[in-house]
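First subunit A sits with subunit B, and in the next complex the same chain sits with subunit C.
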Partner chain A sequence: MQLTSRPHPGATVLVAAERIDQASAGEFLAALQAELKQHDPAAAPVVIDFAGVDYISSVGLRALMVIAREIKAGKGKIGIAALQPLVREVFGIARFDLVIPCFDSVEDAIAKLST
Partner chain B sequence: MKVKFWGTRGSLPVAATAADIRSKIVAALTAANGRQFGSPEEIESFAEQLPFAVAGGYGGHSSCVELIAGGAEHFICDLGSGARPLGQNKIATHGPQRPQTYHVFLSHLHWDHLMGLPFFVPIYLPGNRIVIHGCHAEMEAAVRLQMSEPCFPVAFSQIAASVEFDRLEPGGTYEIAGVRVTPKLQLHHGDSYGYRFEKDGRSFVYSTDSEHKLNNPETAAGFIDFFRAADLVVFDAMYSLADAVSVKADWGHSSNIIGIELCQEAGARRLALFHHEPVHDDAQLDRLLEESRRFEEITRDGRAPLEIISAYDGLTIPL
Partner chain C sequence: MNWRGSLPLFRGGRSRLVPLGLLLLAALLLGYLDDTPLASLRNAQFDHYQRLMPRQRTNEPAIVVAIDSAGIEKYGPWPWPRTLLAQLVERLHAAGAKSIGLDLLLVEPDQYSREMLTKRLPDLPASSRDLLPDPDRTLATALAGAPTVLAVSGIVRPLPGARFPNKPLPDFRIAPAAESSMTRYASSLTSLPLLARAAHGEGVINAAPDRLTSPRDRGVLRRVPSVAVIDFVPLLSLPLEMARQSLGQNAVVAAESGAQGMERIRIGDHSLPVQPNGEILLYFGRPSSHYYLSAADVLAGNFLPDTFPGRFVFIGITTTGLQDRVITPLGDNLPGVDIHVQALESLLSGEALQRPVWMPRLELAVLVLSGLLLIFVIPSLQPRYAALVFLTGIGATVGGGYLAFRGGLYLFDGASVALLLSPIFIALLSNTLIAADRRRQQAETDLQASREAAARVAGELDAARRIQMGLLPDPGRAFIGETRFELAALLEPARAVGGDYYDCFALDERRLCLAIGDVSGKGLPASLFMAVSKTLTGALTRRNRDLGQALREVESELNRENPEFLFVTAFVAVLDADSGDLDYVCAGHDAPLLLRAGRIGRLDTQANSGPPLCALGDYPYGAAHTRLQAGDILCLFTDGASEASNGDAFYGSERLAATLAATAGEQSLAARLEALRDDIRRFEAGTQAHDDLTLLLLKFSGR
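For the complex of A and B:
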């Protein structure tokens, strides 16, 4: 698992990569929380670029739920962008797409979350 | 060994409504599309090809699962409303005169898992022996309370069969009528217990009303061990994963995805989705099964395939 941030004027764009599973979910959650300490989610939407993520397990999805709730509690918005087709399918089966919106691209996510 | 499902619904029994039946008929006739059938067999084979939600249905009795272990004594997991047809089947098979021994294993004492006892006819027949096994200290008190005024008109003292209570310790292993039984503590309001049954190299795990928090790898490892190489795992798949970790967190139930992941890790052979959400109709349960199979396929990662079924009232699975 890797998490980096990419500068963007209109959003906090975080870039996740590789596998988010039992072994890495704790690290993933800690990295997300550390990033969000530096960016006020109420000021700009948080978009996680998932293009590089090829697997996410239930433990990883739970980490996303924890983050989504923290962001919503802080009056911010979160979206996941550019999911690989199988990862997108997992979001649907888990019904996560009903709770955390999924977008085709980072730009699409920013445009829709900024309105 | 075989496993027969008598009640598979969670929380509250449900029944098909007039609208449910009508939509099945409409779907079947739509699929037939004006076709003529030459014989009842042709109609049967046409019905065979329809989706399960159209030509069948999951049923609505609450939790009751029978383990047919091959010996003279009977094994039953939970006494939800499915215990009524189970009891009638036993009377029909063995007659009212031939005394039988029933071993009941209670996951916990919530009413959907206990409500069938007063309607389990073998308790009213002298000579029968009912042994209620479980890990809760309040087991006998809960059973007696349910069969007392004002909850029920027939008092526990009017039961004609002999009833014994056998308190088990989670983590212990017991030999009961030729079957090795291991109970395990699970996360649920007031605690619940799963049971692993083993005989002749076959294994069956009954694990319902069990929440998995996903924040503790050691707890997960405990369940992976409990499910290890099981021929069948019956698993509480009441909620979607999203609901289970958000709005319905702490409600004491789990999801299809967690069941699949634990069974994959454990190298289990077959998973039965169980404790179905009462709000779901047959079409939704069909869809959940299809999605569960798809999830297993895309996360298989080189492992042997895990067979996934969705339990329904009346289903028998040979192990």
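For the complex of A and C:
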């Protein structure tokens, strides 16, 4: 699991990569929370670029859910963009697109979340 | 503030105080070593240096003319007539001797001198007496005619017959401050003034062996004076005076001195390091009989013409019973006269042992620094490395002593330093070993405790597992006699307890409720959430006819207290066992497989499925409806099946479906379930299962 931030004028873009499973979910959540301390999610929407994520387990979904709740509590917006097919399938089965909106691309996410 | 913790010195607590005390004691002992039995060790060490590396005697600048048993046999007992001695001196002078030293004290007049004969024969007429020869005068004449030096023996307290020397050093240059440290004698024994005045010089022959510090110490002779003061008059030792004589009257004798006293003595161009009191630490060479010649042979002319020219000659007594003998550091037992030869050779080659005043300070510094190093390093090392460090240090200290001797004839007492370091090391090593033993015992105690704790936890987990597994119904026994449908289920947690569950129970005569769920996460937290989820789902499904409403209430109840933000995917269905009508609701769970007439499909959950329970908290779940046909097999599973991994790939729901279809040949539903489970486990090929595995099969037969 890796999480880096990519500078963007209109949004907080975080780039996740590799597997988010039982072993790395805790680390993933801690990294997300650390990033959100630096970038106020109420000021600009948060988009997590999932293009590099190969696999996400239910524990990884839980981390996303926790973050989504925190951001929504702070009147911010969050979205996930560019999911690989396997990950999109997991989101589909678990209907997690109802928990966090999913978008085809980062730009698409920013455009829709900024409105 | 904890001063023990703050100072590195005390980090080891009292464990460093004992070694520090020992170091202090060792430093004190080293300062007064010569007054302790350890002096024997020090001397033995220094002697060993010489034994390993004795002085090389390349040429023989001196020769001893020995008054030996052969001479006694031929010329009668000692004392010989002075005329015979005069003859010997004259013979040696004629043979070309460079300088002649008489290691003899001719204190009394000759037995046949006029004086002695007059005493013995008081009646001898004066005319006859005057005709008698005077042997002492004969010898005086001989002494005056050759480069001769007579012996002087310094004595501490004046004795009857004590005389002061007649030929003191004409000029001895020494700093006034160093003068007080010189070897001093109150008086001396010298030869007859007649003889002493006739000789060209006088030299001290004192050479006291070391004090006996232990019964085994034999009084080894290690040092001789180079110069001594007799009644305020300086006098060189016999061999050094002979060397001075040979250099001519212009040779300057001077002392180089420091704050503690003399450091070197210079005689002309020759120079030797000396102790502050002027003593030479003799560097001995191996003994040899080459340079010994019997006085009888000399008197008889039995010697080669090249024996004496250019050589120093010592006349001394070697016959048994009369001679003084000394023991050297090399272990040799030699006539006293040999010491003069060794001292003379030392002066000519400029070689003497050096133990300058700074050497004891250096030894002290090495002791203290090594001791402190040990005290700070050893406690942090394992015993075997500690021993290695110590042995290396000992080796360096003792070896350094040998190197210092080889390089500059310095006497560095590495052995005593090493010996004094040993108690410190032993104390430190004991501390280390005691600490190691304590740690080992502590580790054993800890291990025992952790084993007990692990056993306790395992026992508790085992109980939790039994309780959890007990929550799950056994479909084989719950529906005995049921013909409309058949059920088989299994749940295998990845750990002792898991977060999956399944349920199946009759709501009434016609209706059967099926449920499967998967809590996010694993282990104890998930298992507790699982138990609550299963119980709530069961209770609320029984209460509500509307499945969607039941699930909404389950979510609402679960969400009430969920500090860990766990969520649970679930699939709940109600089957009308008579008609095959199936109402179902899905919360983020995998769609169940449906095997109908040999063809595999999936229950359509797309339209109605919501997110997992507790993911959103207020999702309006709604039920979907389908109708099962007789012979249909419904397979409910969790991602323990679809995401079973062999390290490279997932088992996948497609493969699960294909395997389900392929198990048509099995006799019973339970056997098909076993076959499915076995295929999944085979796929995992022994890799640790990541997730709980739950499977539930329903075969609908209808009425």
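Just so it is clear, the second predicted complex is superposed on the first by the 115 of 115 C-alpha atoms of A that agree within 3 Å, B and C clash if a C-alpha of one lies under 4 Å from a C-alpha of the other, contacts with A are read in each partner's own complex, and residues count from 1 in each chain.
The criterion applied here is as follows: contacts are C-beta pairs under 8 Å (C-beta built on N, C-alpha and C of every residue); 3 or more make two chains touch, one makes a residue touch a chain.
The structure displayed is predicted, hence computed values, not measured ones.
If you put the two complexes together on subunit A, you find that subunit B and subunit C bump into each other. When the two structures are aligned on the shared chain, A:R62 is found in touch with subunit B and with subunit C. Residue contacts after overlaying the shared chain place A:Q22 against subunit B and subunit C alike. Shared-chain residue A:I93: touches subunit B and subunit C both. With the shared chain A as the reference for superposition, subunit C clashes with subunit B in the stretch 9-17, and the other listed options (9-17, 27-35, 117-125 or 153-161) are free of clashes. When the two complexes are laid over each other on chain A, subunit A has residues 22, 57-59, 61-62, 65, 69, 93-96, 98-99 in contact with both subunit B and subunit C. For subunit C in complex with subunit A, the residues that touch the partner chain are 518, 520-522, 565-567, 569, 587-591, 609-612, 615-616, 619, 639, 643, 690-691. Contact residues on subunit A toward subunit B in their complex (touch as defined above): 22, 55, 57-59, 61-62, 65, 69, 86, 89-90, 92-96, 98-99. Those residues of subunit B whose C-beta lies close enough to touch subunit A in the complex are 214-215, 217, 220, 240-243, 245-246, 255-258, 261, 291-292, 294-295, 298-299. Only residues 21-22, 57-59, 61-62, 65-66, 69, 93-96, 98-99 of subunit A touch subunit C when the two sit together in their complex.
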